[in-house]
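Both complexes below contain chain A, partnered by chain B and then by chain C.
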Partner chain A sequence: MTAPLPKRIIKETERLQTEPVPGISAQPHDDNARYFDVTVQGPDGSCYEGGVFNLELFLPDDYPMTPPRIRFLTRIYHPNIDRLGRICLDVLKNNWSPALQIRTILLSIQALLGAPNPEDPLNEAVAKQWKDNQAEAIKNAREWTKLYAQPKE
Partner chain B sequence: METIAEVFTRYETVVTHKSGAQEDTDVEMEDSVLGEVLNEKIDAEGSSTERGRLLAAYILAVQGQLSLDSDTIKFDSGMTTAAERTADLTMLHDISDTALPQVDCQVCYNIMLDPVTTFCGHTLCRVCMSRVLDHSLHCPICRRVLALPPRIEEHPNNKTLVDIQNTLWPDMIKARRETVAAEEVGEQGDLNTALFVCTLGFPEQTTFLRIFEPRYRLMLRRCLEANREFGILMYNRYSEPQGDLGPVHFYQIGTMLRIIRVQVLADGTSLIETKGSERFRVKAHGLVDGYAIGNVEPIHDVNLAEEERIEAAETGLPPPTDENDVLGQIDRMPTADLLRFGQEFIRKMQGRSAGWLQQRVLDIHGQPPDDARLFPYWFASVLPISEDEKYKLLDTRTARARLKITAAWIRRIETQRCISYPALPTWVG
Partner chain C sequence: MSRSHFSRSPRGNQDPTFTRTHSHSHSSSNPINTLGLPSPPPNGRRSSMGVEVRGMRRLEQRRNMEESHYLACNARAQNYNPPVDLRLLDYVSSYDNNLMCAICRCPFVDPVILNECDHCFCRACIRQCWNTNTTYTPLGPRGDCPTCRTPAKLGPRSATSKILVNLVDELIVQCPRKDDGCKAEVRRCEVQDHVNIYCGYTLIECTGKDCTDPVRRKDAAQSCLHYGASCLLCHKELQQWKLEAHWRSECPDRRVHCEMCKSPVFHRELEMHNKETCPAISTPCPGCSSRNKRGHAEAHAKSCTFAKLAPVLLRQQERLDEQEAAQKEMSRKLEVLEGGFTNMQGILFPSQEVENADRRSGDSNHIPYLRRSLVSPENADADAPTNDFAGFDWNFSAADVRHDGASSAETFQNGMASPPTRAAPAVPGPRPDDLPEPFSSDFDLASPPTFPPSGPYASPLHHLLSMHESLRDEMTRITSALSELDGRHSMQILNENLRTREEISYLAAQTAGLQRQMHWFTSAQLQRQQGRSPTPGASGSALGGAMMDAGAGAGVEAAVGAVSTAATALRGAARMVNVGGSASGVGMRRGTSEEGRTKL
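Up next, the complex of A and B:
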């Protein structure tokens, strides 16, 4: 037996459609309104520029008391995102607050693409490369973006 | 988004010449709002004509001629004209629309119900604030540490906001209150019993629990609001099938616990003292806000006549052929002897100062009861053996069946002469 969808989730979903965030989209599944297909464009001026990244987002039963679960589906070369697409971002963990929302979280993820933080790595190898040879790391990130994150025609 | 001040400014600059303004039918609304607004003399240029009294009052306030603690204003001109009434109502409507989004709770996105304001100046519904506190001690808006009492019940509503809401949106508040009341019962159809999947409880026995998980804090709050009862079930570690329910995460037979005492600690967790009432079997189950709820049926003992019939049938059996057949011997013992057997074992163990019969254990669980129906439950509450063994007591229909189980434990302990001593009592949550 499933509980009805909370008004908060309905309103958030509506607002995501009516007032979309530039460079971000989030579409709920028809059969599960707590599960979203998400795309995030790489920020201009970053090494992910021109890339369109697919993510999956799930709102757990006790959302918004606990944060949404989010994962990259598109491969990405980033020190704070591991090979399974898991994201190291404080607001998705300890710094989550129920006043945050899907929209703000996706903006934080977009910002994370613009500002990789190798000091707090989730992907050790990438973080090491980022610290040892940043030019090379950025080149890799650009190449991966071209390889894996091209928008579908 | 337009602010309330902007609404007023807009009206201030618009000349409200509404020739032939219709006679207003909604005088009652006007009275309830404006009737209370009046005890200061208006002689400012924003006199009431045409612009309406609401705007006049606002202008007075802006000009600093309206002291903030005055709750009424007296207008010189006695009668309100139709034009004024129309102006007031139109304006009130606009203010209401403008202010509504600002009283949305930032957690549930509904109009705030019983708003509670933190010392850092942020306001949420009372139920939302409670749930936030289950998870965190920080304000969700600004992340400051929330200096609210651990039991939010002791923190008052924001009265000013409540007054404004009751004036501007009485119907919405009423509807919201009904919805929340239905939600906060934590039931879904016939799934009307809160279930705490944790450990074993026994009828008439005391169980202490520490409640720290957010979902169970919510469950506890709801139980305290309702009948102070919840069902306790043992966790099904190995996913053993549970009758029609299949391999669910709990064992299907449990005990209703009645909350006797609650102590809320500074960190928001609670210590509760409970007493077991009747046993039950889960027939159907679901999930609400992270914790289990179920439809349960009580498990009762057979009546005394039936109990005596069973006893007579079993004691009348011919003695077991194998003299080492301990269980066969137990089967044939009269119920009174089974009880005595248990009580003597306890006395013997007390004589040897067994650790599990220390005074502090007896302080919690009391002395061994003389009631044959209850003795096994007491015994299981103090005896340090595996929970799986103890669970067998719950699925019985006679005192005799339970005493046979405890007698078998004793015989096994006596032959093994070694039992484990886990820490008692168990603190769980």
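Up next, the complex of A and C:
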């Protein structure tokens, strides 16, 4: 990297380490401080409870003027997350604001897990299931969480 | 940007002479800045440079009537010293989070308050944020507040609170050249002055004659330092003025203090010192589980009984590891051998294997594969799509592994049981005695769960697998029939060949007999002639007789030659028959024997 790391990224990283958000952790890579390994716990009371989801997060060069790029690495049954792990979240796209931070974005994602929005789907099949037969969809989500999102010993 | 201080400094300067001198000196070097940059709004100019302007004003008052030469020098020196980026500074004093810009997360640099929502940002931050999102408008940049999304604009009347500016200006920061050795801590509004005027580590132009290289301000009083020198410690060739920085942070032979034990160490040995000798770093005792600092390790070793036993323990640990590795190897071998043994057992005692398999098939997951199960192709097709359920992979692989040995046993059994007369079995069709459970036509595709539970198969998967098994059986049977057929064909060919060969040899013998007879005849005739020839007085006739005899002899000779050529021709024919017999034999065979011939 030619340009030095902006002070903001250093500060955000430090703060993520010193005062982590409960249920969320973000670790920068040793060789690239703009690339983070993120884990998010499924929120309590949701159908993802007990699951630990891995994500990758990358801060582009013009961060914070452009949003960070985030993707789920763990498979998840969610109407707003597609098979490749891409997330449909307004603050990651048009509604991004430079006043938002990594921690706030991760909190939004955790909130999205707690409140799926089948009206604005990215994964049509899951969203349809969610609308037609919510009980079945929630059961599926629980199964997938058990299958793919178990914390590593 | 830093040069623009000078263009703006005349504002508020009371001394007209200075203004004149200064603007003159500067306009020659930088005419653009004297005109002023058009893009920022007027009030933006006033407050954006508020920090620097105040500093510069104070500086100019102090300096008052400085010569234009000094200013020119200073301007040139700034080429070596780019303006201080206030966001990269290290703050000594802690500051309130409310003084932090939401965009750059640093204390405000030239703060601006949005009129619409009262949120405050650095001017550069908010402009950068909006420029990337919105196009240029003649009324100034506008957009949504990053914090609350209220539509806002950066008009000519957007305000900055003086108290806010003062609060951030009063923050104490470290000199940006602290890495070079400057220990100064100054207020943030003065840091640019510090770097430009006071900091001894700022690079300025060398005072030496005809030398334009940079030199640190504190060294400028000495004469020109731009000559070669070598480091006393590491003997690296450098310029004299760079030596201090070299000793400070580069030279591998410089002395540094170990952070743990405070003792001086050579920099290049620091790593080894930490790893091996530093007495302040704790190491685990080789015997007991406690950790001790290296300095106390000796004392501990005397008191700790385990430490005394350490060498013995270490050796034992090594042996234990060795043994474990060996055991692992052995158990792996044993596994392989056991597998082989089971296979062999299966081949030798297929019936026992059947019993075992049946016993094992007590659980519903098991496949009763050993029962002969031939299913018509239509049923196979009908069942194929129903195997789409979770756990399929697992079931399949498990069944496959379990029955590898057993299936070979069955093949063996089949080979023994199939009668040799039953050649080339027909296409696998339903055999009434073997068909275990008819998959009746009322089998419903649409509802796989309603698969007939009464059958021997617990699920469509099992049915599929057993079908697979039966197909395999058919294959083995066909193969054995084929090989048998081939054997028979080859025997037939062999028999025919033998007969032909015998005939040929008989013919050859006869020809040889004829040849002998001819020889006998000719020799008899020759003897008769020779017996007649010595008679005197009949030389003329004898000559004539000899002539005649010679003619007859030649005729006989020709006859003998013809016979022998006939014999060779016969032999050739025999060879031809030998080859052609097999070729024609194959040609007449059915196509099925083609495969067999390659085996033969």
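Everything that follows uses one rule, which is that the second predicted complex is superposed on the first by the 152 of 153 C-alpha atoms of A that agree within 3 Å, B and C clash if a C-alpha of one lies under 4 Å from a C-alpha of the other, contacts with A are read in each partner's own complex, and residues count from 1 in each chain.
The working rule: contacts are C-beta pairs under 8 Å (C-beta built on N, C-alpha and C of every residue); 3 or more make two chains touch, one makes a residue touch a chain.
This one's a predicted model, so the numbers in the text were calculated from it and none came from an experiment.
Engineer: Consider chain A as the common anchor and indicate whether chain B and chain C clash or fit when overlaid.
Structural biologist: Overlaying the two structures gives a clash between chain B and chain C.
Engineer: Can A:Leu84 be said to touch chain B (first), chain C (second), both, or neither?
Structural biologist: In the superposition, A:Leu84 contacts neither chain B nor chain C.
Engineer: Name the contact category of A:Ala99: first (chain B only), second (chain C only), both, or neither.
Structural biologist: A:Ala99 contacts both chain B and chain C.
Engineer: For A:Lys11 in the superposed arrangement: first (chain B), second (chain C), both or neither?
Structural biologist: both
Engineer: May I ask you to decide whether A:Asp61 touches chain B, chain C, both, or neither, giving the answer as first, second, both or neither?
Structural biologist: first
Engineer: Identify the overlap between the chain B-contacting and the chain C-contacting residues of chain A.
Structural biologist: 6-8, 11-12, 62, 64-66, 97-99
Engineer: Chain C touches which residues of chain A in the complex?
Structural biologist: 4, 6-8, 11-12, 62, 64-66, 97-99, 101
Engineer: If we count contacts the way the header does, which residues on chain A are in touch with chain B in the complex?
Structural biologist: Where chain A meets chain B, its residues are 1, 3, 6-8, 11-12, 61-62, 64-66, 95, 97-99.
Engineer: Looking at the complex, which residues from chain B come into contact with chain A?
Structural biologist: 106-110, 128, 131-132, 134-136, 138, 140-141, 143, 188-189, 191, 214-215, 286-290
Engineer: Show me the residue ranges of chain C that touch chain A in the complex, using the header's touch definition.
Structural biologist: Residues 87-88, 102-106, 125, 128-129, 132, 144, 146-147, 149.
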